[in-house]
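So, here come the structures, one by one.
One chain, chain A, links the two complexes that follow: it is found with chain B in the first and with chain C in the second.
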Partner chain A sequence: MRKRATKPAAGTVLTVVTVLSAVSLAACSSSSDEQEGPAQAPVNQAQIDEALNTPTTLTFWTWVPNIEDEVALFEAKYPSIDVKVENVGQGLAQYQKLRTALKSGEGAPDLVQVEFQYIPSFTITKSLLDLTPYGAGDLKANYPEWIWNQVAPSGGVYGLPQDSGPMGNLYRADILKEAGITEAPQTWEQYAADARTVRDKTDSYISNLASNEPAAMVGLLWQAGAQPFGFDGEKTVTIDVNSDAAKQVYAYWQDLIAQDLVSTDPDFTDSWYQGFSRDKYAGWLTAAWAPVFLQGTVKDTAGKWKAAPLPQWSSGEPVAGNWGGSSDAVLATSKNPIAAYELAEFLNTDPESTRMLNEQQNLFPVQTAQLEDSAFTEAKSDFFGGQPVNELFSQIAPTVNTDFQWLPFMDYAYSRFNETIGDAMTNKGDLGAAADLWQSDLEKYAQQQGFEVN
Partner chain B sequence: MTLTAARPVRAKVVHKVSPAVRSQHRAAYILVLPFLIFFTAMLLAPLAYSAYLSLFRTQLIGGRQFAGLENYRRAFTDPSFLDGLRRVALFLVVQVPIMLGLALFLALALDSGLARGAKTLRLLYFVPYAVPGVVATLMWGYLYGPDYGPIAQVAERLGLGAPDLLAPGSILGSMMNIVTWEYVGYNMIIMYAALRAVPAELSEAAAIDGAGAVRIAWSIKVPAIRPAILLTVIFSIIGTFQLFNEPSLLRSAAPNAIGEDYTPNFYAYSIAFTQQDVNYAAALAFLLGTVIAVISYLVQSAQNRRLA
Partner chain C sequence: MTRRRSTLLTVLLWLVALYFVLPLAWLALSSTKDNSDLFTSFGFWFGDRFSLADNLRAVFEFRDGQYLRWTLNTAIYAFAGATGASLLATMAGYAFAKYRFPGDKLYFSVILGAIMIPLTALALPTYLIFNAANLTNTMWAIIVPSLVSPFGVYLMRVYAADSVPDALIEAARIDGAGELRIFAQIGLRLLGPGIVTVFLFTLVATWNNYFLPLIMLNSSDLYPLTVGLAQQQAASAAGGGSEALFSTVITGSFVSVVPLVIAFVFLQRYWQSGLGAGSVKG
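Coming up: the complex of A and B.
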């Protein structure tokens, strides 16, 4: 009796399970259809007008402080659109939340700030919308080539550039003068010689190359013309972090580190901030966002700084690398992609908004017109003894190597950098051997993840 | 035969429950129900789900596939995981005896009634435990700082070289110090509470027999509170294997000394959130749980054997 009674029940359960899994399968396939669908026809003006005049709430994740001010300009222009700005964390912290939201299928924003190097990490999961049909393709001419390549890594356009970090050499003119150096080094060879002089004649290091800052080292590799990473947007990655070009850079720094001519203290730690105010570091090879950053953190050294381009590997055209920079990307899951794109375009191209982003949020501009605007370039910085620092970095910006790509798993690549090369820097070890280890770790991981490794 | 014949009768007796008792049973189940629901939803279900996850492999290219025990096999040959285990094992062997020894000493001292202001002292010892672990770690991170920390500054004033307490070689000891500072008071309170329950007559009798304070403490009081001590040992084992706050927060002050695989728990977190490999992280978590269970069981049974 009992047996017979339970049978239908089990049947019901089975049916329920089947139905449920069918439903979830259907959900899966429909969502992937949406993302992988054929190239969309260009959005026309009528559709844009309709989207901007329909009452809509957009969610925007970003860690740019007080960006509400620029967003307010957009809302004033398009009163139907209400934008909710949310700061859910900076960098990795935000990406983790974003991935969780994407995985769970709800809670993801419409527009999100993504750093250049993480764009491929989100295009591989098809989480970012190709903005070409929304009009992004027409903007290409407004940017230096390398910046555009960062947001358009494999065909599509996956974000609108917001800020960048072309690299230069910031140094303490007073300390260098004490060592008898009056001009910034033009070549890396000269830089090494100066490093020796500074170390011998003062208590400072010429600079600190942080052992926990892969982005800085990658920026230097970028300048040296190395192509450590590559991704075709599908399933093939190129990993070449121990190429000859890269090893030249590692060997150079290994030499300076071994002779105790540069320090390798971890950056953005209390100790590091102290290092600047205690004159431990006479300089910093850093990015265009750093001048303003230093003004805020080591105020008491105001007026003693100067800025120069990075030292060069060879005579000829000067070359720079890049450290930092981000974009605003529309998520594929957004229900209001047109309005979200318009917001991104407004924030990052409207003259008033971009001017405010530079002046109030201290973001280094990305648009050529803005980089060449005399109001921007002629501004003199008291912190740098009256030097027009913007002009210098505006000149550096177009010299950044154009074809630099990223892996679709930069979080892993950077965390392994710290365990391999960073570790060797701390322990004054063999950076080249550490790079080989970094290379093999990355290859192994890529294969584990199903990529084809070039 | 008579036994088997008797069985049904007895069973009948057991099942015959008065309506009053039955309604009591029902009330008991109803009262337990809210807990059971939360226990299932918040603990058992996630546990089962992560056990399920640990049997799969998710690739960026290719998606999720069933992988059997592959994740577990990988863990056994993963130097990061094994080194992390060795590190916490060393932590356990060195730090736990020091901490519990200190806690026992303080508990006995307070219980002896010889210390003046015992109540105030008891509170003072306990205060560190009331400081949230995160705050405590941040505070110690500052104290340890090689360039700005007070410890380094005092050492420099005294003409000693500033010790780098955040260097790769010393960070484990620095961490042991934080954990000891934080949990001595907590363990002391458990032991002290147990000591208060030891009948005073035992100590008095021993004193009459001529035992000194030390002898009384060692031969009367410590054996009497052995279950409480065992409890603190088990808690400490679990706590040590789950070390997370300290490495994760000190990492910002000493990124070179603390890798993302510093402790197994921290490693599992990095795997899940940096490397986005939830499946392998689930397997690591289960293995770690097993290690903790086995060691706790071994300690407990060794203790029981000694009692028997």
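Coming up: the complex of A and C.
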């Protein structure tokens, strides 16, 4: 799942819950001692059986629509367990509620959906249970390396991967054809040349890079091999959002934006949806969840789309970035950690459940076996003119750069992105200078919060 | 009396009317469109397809009729809140208007000051108090804060001062009626239109309240329409696992304002007499 930083109500909630959660973040380094007991012994089968046969009510916070269907499979298998699924909001809205509940000491769920980039925000407060003793360690081999690294950022395993968003290039074959382009660009250089052609010969932009979408830009940084963020799980953060690798990406887009070859409209807004419907955008550099998303929102353009890998910086092995993706994590406060873990494992590894998550909820799979399953890869998409889009994205999935980390305060980092780089994109300004500002802001903030900046 | 028309005023009033009617018109027209028409057709006319029936079905069938549950919640919150608030405000306003007691001016100033504080600013302290009392994520968390209406107290004080003659109260006292009986049998009756006005105000305020339920409630079975619809709307932008519910959300919003519009049409005369009484006699 991807993160929405800008929602109508999110701003107001932010104010209140920042107050509530400021304490927990600031207190992160001091409150760690109380909950750290001796390393826990692995849970054995007898304990698991006992937990699953004791009448228990689990609460599960998630914004995956109709996940009740998959949960029902679990409940049918383990009739003693009753799962209450609650959608308390999506992304930031949910995390704020979660922090409030953790802070107030009650009302927190047993299992919670957490996006990859927010896992460190909760491990730092020791809010997530290390799932290794519950059997999560054995699952490592089932996933592409980069996905596992996302849920196991600093030693422990803090969630089971649920969905991911390896990035590709979705484009309108009909508009590009009108401009005389028949092949998707292989390199970024070619992409820039095509952008010029599309702009000259049609009324469209080759794509829209939303100025309010840090996750998209970060995905492109990810592809370029930049390591903007890092966190050792304790006190030290690495902030490098203005590295040379990153600045290469900014300079590239600054150039295209300055020449009016790409638009920078805010995404998931009325005018953005209209931009797709009215052929303003001839493409979208986006994630594996987007093909299905587009089918739901711009039905009228069905059959005109094609999908390709992202353009590359250098010849050689293709590389991709990732945008979106989430996990299910067990909270340290859960009174039923074994049952909660079993629910997470069932939902995200059971063949029936994961198949349904992909086919009904349109989540892009995370397990290697599922990515390689021919039933999945061979599915042809009418929206993409019969192209087997899943196959393309399953080929992209293992090419995502492996070592990408996050800060324990991504909400702050992303909101500052909008005010620095996002602003520069909107105003056709200097993205490199904006990145320097973003960098110094983040360093200052990290120090204020008591982190050591590496 | 000659009828004089001011062109300027007429134009101005038309503009104001347009300002209020246009969003509603947009909402009504948009509720007849499906997702693709929403983004391709002109906002103030119908789309290619007339999908009102489909949209309505989608609204009421979404997640086993969750919308009905939210409507019921909203109605419970709004009516419980408005009934309680108008009763409390009437009692307080009557007392301020008709009794002199030590500190009455001070208390009333405090209430006047409270009108200036928006409910949103009080949401956080309210949350902390309710959390301490274990009342968050219950219906009480919405109803109890809605019972307090400083503006209602102010309105009822002004209204009671004018519409309950002191002489009548004196007469009742001489006849041997207790204060409570005077309030219940004389005050309440004379204050009728004012009570309805306060009732309407608080009803609308609670019906439209978004922020308080947003922070108080964690369980979708307790959500009112405002929070529920906002959540549906957010689901469109979830990326992986997103649902494009635009037409459902818009139609749901349209349906959610219909009861208020009906209430206003039927209770209009109370509105007018309530507002009018204060202005003429005051």
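By definition in this document, the second predicted complex is superposed on the first by the 420 of 454 C-alpha atoms of A that agree within 3 Å, B and C clash if a C-alpha of one lies under 4 Å from a C-alpha of the other, contacts with A are read in each partner's own complex, and residues count from 1 in each chain.
Quick note on the criterion: a contact is a pair of C-beta atoms (placed from the backbone, for glycine too) under 8 Å apart; a residue touches a chain by one contact, two chains touch by 3 or more.
Predicted model, so just to flag it, every value in this text is computed and none were measured.
By the document's definition of touching, of the two partners only chain C reaches A:89; chain B does not. In the superposition on chain A, A:66 contacts chain C only, with no contact to chain B.
Once the two complexes are overlaid on the shared chain, A:419 sits against chain B while remaining clear of chain C.
With both structures placed on the common chain, the touch criterion links A:274 to chain B and to chain C. In the superposed pair of complexes, A:99 makes contact with chain B only, with no contact to chain C. More residues of chain A lie in touch with C than with the remaining chain of the pair chain B and chain C. Touched by chain B in one complex and by chain C in the other are residues 270, 274, 278 of chain A.
Chain A makes touch with chain B in their complex at residues 92, 96, 99, 124-125, 211-212, 235, 266, 269-271, 274-275, 278, 408-409, 411-412, 415, 418-419, 422-423, 426-427, 445, 448-451. Taken together, the chain A residues at the contact with chain C in this complex read 1-2, 4, 7-9, 12-13, 16-17, 19-20, 63-66, 86-91, 93, 97, 100-101, 104, 106-107, 163-165, 268, 270, 273-274, 276-278, 287-290, 293, 296-300, 323-326, 361-364.
By the touch rule above, chain B contacts chain A in their complex via residues 59-62, 142, 145-148, 168, 252-256, 259-261, 270, 273-276.
Contacts from chain C toward chain A in the complex involve residues 35-36, 38-40, 63, 120, 123-124, 127, 131, 134, 136-137, 210-211, 214-215, 218-220, 230-231, 233-244, 246.
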